[in-house]
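Labels run A, B and C following the written order; every chain starts at residue 1.
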Amino acid sequence: MRSLIAVLSDYGLKDHYAGTVCGVIKEVAPDAEVINITHQIRPFDVVDGALKLKWAYRYFPVGTIFLCLVDPDPTAVPVIVSTEKYFLVCPNNGIGSLMFEEEPPEAVYRITADHYFVKGKGNFRGRNQLAPIAAELSRLQSAHHLGEEIELSQLKRFKLPAPKPLGNGAFECIVLDVDHFGNLITNFEFNGALPRAAEINGVKVEKSADSFAGFKKGELFISVNPENHIQIVAYMASAAKLLKAGRGAKVKLYF
Amino acid sequence: MRSLIAVLSDYGLKDHYAGTVCGVIKEVAPDAEVINITHQIRPFDVVDGALKLKWAYRYFPVGTIFLCLVDPDPTAVPVIVSTEKYFLVCPNNGIGSLMFEEEPPEAVYRITADHYFVKGKGNFRGRNQLAPIAAELSRLQSAHHLGEEIELSQLKRFKLPAPKPLGNGAFECIVLDVDHFGNLITNFEFNGALPRAAEINGVKVEKSADSFAGFKKGELFISVNPENHIQIVAYMASAAKLLKAGRGAKVKLYF
Amino acid sequence: MRSLIAVLSDYGLKDHYAGTVCGVIKEVAPDAEVINITHQIRPFDVVDGALKLKWAYRYFPVGTIFLCLVDPDPTAVPVIVSTEKYFLVCPNNGIGSLMFEEEPPEAVYRITADHYFVKGKGNFRGRNQLAPIAAELSRLQSAHHLGEEIELSQLKRFKLPAPKPLGNGAFECIVLDVDHFGNLITNFEFNGALPRAAEINGVKVEKSADSFAGFKKGELFISVNPENHIQIVAYMASAAKLLKAGRGAKVKLYF
């Protein structure tokens, strides 16, 4: 089986950056296969990267190497993290935090094997340092020769804000993400019961459904997103546009 | 030869959705190769998906599996369609209609092999149901063990509106699509003769050419698009912007 | 090792164009691997394509075939260019010019093997002519049977404007490109010393740094881009937006 390297970045698609990451990998590991999760993480936004990684990782085969290239903080050292099933190659900036809640880190290595780095011009450690290391890792299937093990406690981690209980089955939540369809994805994880109502920007949404059947175009309702979060949807339309709401907006959910 | 799965969706590229479809496929069929036709079909727009599929399929090798993920209607059951040269995996919502005019369906199977579905969280049958079935199909090269054969007549199909003859060699047509370059692609299929003029939004275009040579930047002319449709082009510019016209706009063509 | 074909085009991602280029390649050369450098070169913009190719090529393995599909001039004949390490397949419109300054052309072949062309409908020689030739080239690893050698002097080439010395260590430069992050990349190649100041649209930028550490969000500074050009950056923000400057803007650099 060919080794998989799944890439997540904020590099966008208009430049040559994402393409050259792939070139660097193929130079080192011609048999590795590169899959692009997305290159449109919000620029410099580690939280957005952490969310998309959490929502994506479980759909990849055991052994996949996640190369996470969102890097606002140049003081965050490059690391390899191994979990039971996967590897991460990333700056130590917290980007694995949300994935690790479900798939805990087992070991962390500060990358030291700088002889593998691309002697490219300029600065661009995502491509010049992390990409060739991910490619070497796909060949070696072990981080031992690529870095120095550090304490798990040195791995930077953060948590998302939890929904705030308001009493009487009501919760104050936030919009974590607006997806391509304009669905407003909240920080409330579905636990078997859908809210009976939601309130956002002064608008009350009073329908909820676990399927998209039977709605009219533009009709607002509450449902569960593909990764099990409560979301506000406008059928065949953008809830974000209809409700003029975006990431960070407050949503009240009533159960 | 590695089996090819060509994916067409309205998932966009900013989220993890398209990437995870690929992950699901590689989990089931590590040797399959995934090619992205586009993930930017207009959201929920089966007609747009059907057009792009019609325009794309012929350029893929025999045996390619087209995984078509545009799914506005949750009551459309997931099917596998086999043609002489290809397979389609899609909801039964008509997305193969325009391709089938040239490459007729030979058999249709309602997908029943739900033991192959991804036990993912939330609802997302494109990724959770159709993607793993496409991957199994790439291994089995047969739909027999994945579904139950149904009548060809149960396959949902639609037609595009035909150009309306107005007499004297004139036709009322519509703009089917505006491509990345801003070319306005009509529903008139080239049959050997270019129109001498076109009229759209009150503007008359009176040049036509089968090559782009000899035009000035921004000059409007009539030509044939890469898939043999009559189109209105602005040389090195966007005809859509210049003519303030989009999909669905009426165009008169004069032969 | 599988043969690599790296594609650079202005086809965008919303249509089926880029996907079908890949399909055409796999039909001819099932073992070739296609890497997308970018499909978002500015439409018809050979200079933008030449820049991105120059900035990308060095990160690809020896033997990579660069398929360059930016084609505003239908009178530019399709060619194969071989260099010491790579092949280019492109119209003879100058798109290799900037790469060739570092990786000189060794031979040029006018493509004549039209029996390999796709007998597709309509006109689209990027996909119908250049793509299948690139795929054949990946199998043959030689251009001899695909074209007729022509003089190196017939290869169309251009140069970028050089920074203009103004005396006292000052240079008038231009912005070559605005990348996905909004960084303003100038035509001044870093030669070991960073400018102490830059002036653009009446704004003076008076910090320079070879790392992104220690800046505040939105703070402007001068640095070196990943391909060794002097650039103006706004930390975790878009310098292009902040300075209301784009490609072609004049920048004064003071050393």
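Just so we're on the same page, contacts are C-beta pairs under 8 Å (C-beta built on N, C-alpha and C of every residue); 3 or more make two chains touch, one makes a residue touch a chain.
Source: prediction; values computed, not measured.
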item: Chain contact topology (line, ring, star, complete or other); value: complete
item: Copy-to-copy rotation for subunit A and subunit B - C-alpha atoms, rounded to a multiple of 5°; value: 120
item: Proportion of interface numbers common to subunit B and subunit C (over half same, under half different); value: different
item: Subunit B-subunit C separation of Cα centroids, rounded to whole Å; value: 30
item: Set of subunit A residues in contact with two or more other chains; value: 13
item: Subunit B-facing residues of subunit C, complex; value: 10-20, 22-24, 26-27, 30, 34, 43-44, 72-75, 118, 120-124, 127-128
item: Touch list for subunit C against partner subunit A, complex; value: 1-2, 4, 6, 8, 13, 33, 35-40, 52-53, 55-56, 58-61, 64, 179-181, 190, 210-213, 223-229, 236
